[in-house]
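Structure, as structure tokens:
Labels for the chains are A, B and C, by order of writing; each one numbers its residues from 1.
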């Protein structure tokens, strides 16, 4: 599915580009109410988020190259479900709920490993193919009820895209592109921009995992607005002076933000340590894009690398975020490869952001809290609208612990 | 009560032996539904288990020889109640809830110790005899309402049997034999088999405590079926080849399983390190019995030793299991006594079992889980029937968190 | 407000002194029922306590000298609310809920520190004066809705008294004296006794923080009764033999208890290490007073020092208690100052008391628990009456988890 974004014709893309949302003029310079704190604090609403969003959406769960050989697996969590993805004998990735159909024993405990040729439950040796079909069980010939086709592993929908494995707990889900393409069009206008970075062909140069004491929605909102940039991001705003306006990328004519004139590359030193990625055009030079692929991925695009975020709600007040820094494989292969300049500026920025999210999580606990969005944050109402629709909630205020 | 099993006449015993249950022919080779996962995962149902079973049954709580002298106590938990057993001045063991009748202070905090001649609450010095009667309190002569007989400690029913102390939170409970004898008869046919091991006269040679991240019911079920034996117990099935059928002891004519012909004793090496227990008959030689004494004890009988399990639910997903290896005291007294051959084979087997229970506890968390029992596991339905009757539940599926 | 207790005329005080409660003759020598265990164990009732008592009362939150300069703050918790107190530019202390009015970020994370001249939210730089008024925000001139007066920090009522800062979450609360004076009158008869110790002018010589695994109400009750003194306080009763009666200070004609004849001062050695506090009269010599300032402060008065307790419920079964030992500043300033004799006797006594509270918290967990108050403890019913009225509860027994 590496061509997800290449399907629309250029004409369509251009039309869609024209409709890229701007700060909503109808809301002008009003203060708008922030979402009720219950959605961030009450475990009830995390249950709702998991069931309505994380268990019904395509989620990014692992690098595809974490599964190089048939039988290799990665175990993860989708909503409240333990699942695993496993490379099949045909080279395709499969995804299953992590329990045996007999008595429920978990099939893998380690975060990553190999099943070998078959998936054998250690408890009673019910044995499944890498495609999830039941292939053997002790005494099976004495059990006419045990029809193999009825007892295969519970399958998830799975696709590979951008070098990552994406799963959907709903095995009959519409394709990943139906979820992602509208987001790319809405954000970038022309999704071909996204394609040019060739993310699926890049290699991981560095990875950092962040554990943030905040609800996952605060992390998304933080990524959407730049009103905070001047306050907490001196390094970022030195590289991207447009971010000092408070409006981030959404304030200009282009969906991307332009580097400061003194800056060669998106790095802490401001220097460019490597050439642009192979597929880029001259018009992509010196631009920074931040793209959200709801519900659980963010992508940052700069000329010489890509940063890929995937997040997972751990509990109502904790979110795990894994960030991969992706580079041209030819660069990563060099003995002199050093990603630290690219890593440092974003790692500093991430820590500034996540500290702010944690402060909001603490402050929202006050029964007197009700926040406001300033005009530069109006774009967050797009997220509210999406979120409330996804959980089937009108915009009325929820009661704590209510459904 | 060491003669609990000797009461029925031989005639009665033989009759009962004839009715020992076999794999239920009426269920044939069908797959049967496993119990709903809510009973294993939802804290509500542990509360129910505690109130309906653990607070209304005879439970094994400690070795009797842990209380050698008057005043010696062992503190433990029955359901959700902190209780202690204490050796009285008359040599009998008493059992009480662990709080002072005045303001509720816990009377003992340590797991084991001595009260001395009286049980004195440290807070205000209300003082009780080792029989639980209030005998003194400061200013008591100025308080006509403080009638000593009204303020004795809350008593539990208590009996000694098999060298263990058994208590029942219901002080007026029917005798322990009413709970245990039917189980022995049902399992062994002739309960005299059990008597011949003289368990009450044996001495502890070794003890291991296991903390298992699983509901207590999974541990019981694991002990009941042998469909898993070939998968996870290579050492056990080498000693007891009959267990490779998947049916364990229930598959043969005898209630016991016979050692492999190459095996002298139930040990990791297969060698016999000591003579049979004194009371055994030639017909007991080379046999292995596993006996469940619901709700919280298991016994394994082999010619030269006995293993005694007692279990306690710690929370809905944790169970503590203490296993004593019991030997002829004359053997334990020898300077050369070494129980390791007997300990090792069962300790290995226990760890294999408890790992499997923990995997089921993890896998059952999936909302898609619903297990099945194969014919070799049909005997577990006896446990389901007992359990559902004990908690007053019909076989309909429970809702999570419902009563 | 250092003159809180000096307002009533002497005549009024004497009248009130005459009505100081004695052990209630109408209850005579009866046993009275203790408060239901649910109030101590069920998290529901801690929520009620917090909302009905801790969020509606004046609470002692910190030493005033912890805030020497404008901008200095101390962060604390009132009920479930994170708040901070901060010294203003005018030298007065202000108190606010700890969140920014924009998106809710906590304004301070450290337990103590300095904001400098202004309180700046780190997230988006909304900036408040030390008086809580909004003074600046990025882009504020483009936001006509952002009327500064509407977006000041949420203020608490605050007063300084006895050298401590007291706050009330209700910004419109009646003054602190309305809460405290009746308690002083009720306890001491003549509140001028209290004034003579000049507590507001004393200096801290030592501080100990205790974490007690008990509900906060058990700590208050323990402080009220002395039926336990003979049992657990050998050092205290050696100094104050009157406490051996079980009635503590309430048994004599004076509201204070008199030192043993062999004792010079309230210290572990019995020696007096320093002169009486400056304002005391000869009639105050050799007396010990314990005074409760509900809901969260206790004071112990002895001739040469004062011990000041403030407590905070951490959860339903945990209470944090900070005890300051206060001395004449001239003594504390001496190079030879050594508070250990005064600290030791009370620290030993505190540990004895808190151990007893923890034992009650454990023992009350029994479903069979229902405690009784003996005549020497009847004074605790005053606390029950106050408590049940404060939470709007009749004296009927509560159900666990009910409102």
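Please note the rule applied: a residue touches a chain if its C-beta (ideal position, glycine included) is under 8 Å from a C-beta of that chain, and two chains touch if they have at least 3 such contacts.
Bear in mind the structure is a predicted one, so any value in this text is a computation, not a measurement.
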Interface overlap for subunit A and subunit C, more than half of numbers shared or less than half: same or different?
-> different
For the Cα fit of subunit B against subunit C, please give the angle of the superposing rotation, nearest 5 degrees.
-> 120
Mean-CA-position distance for subunit C and subunit A (Å) = 50
Multi-chain touching residues of subunit A, meaning two or more other chains, are none
Subunit B-touching residues of subunit C, taken from the complex the two chains share | 29-31, 34, 37, 227-228, 230-232, 246, 355-356, 359-360, 362-369, 371-372, 374-376
Residues on subunit B engaged by subunit C in the complex (per definition of touch) = 80-82, 97-107, 109, 121-125, 137-139, 142-146, 154
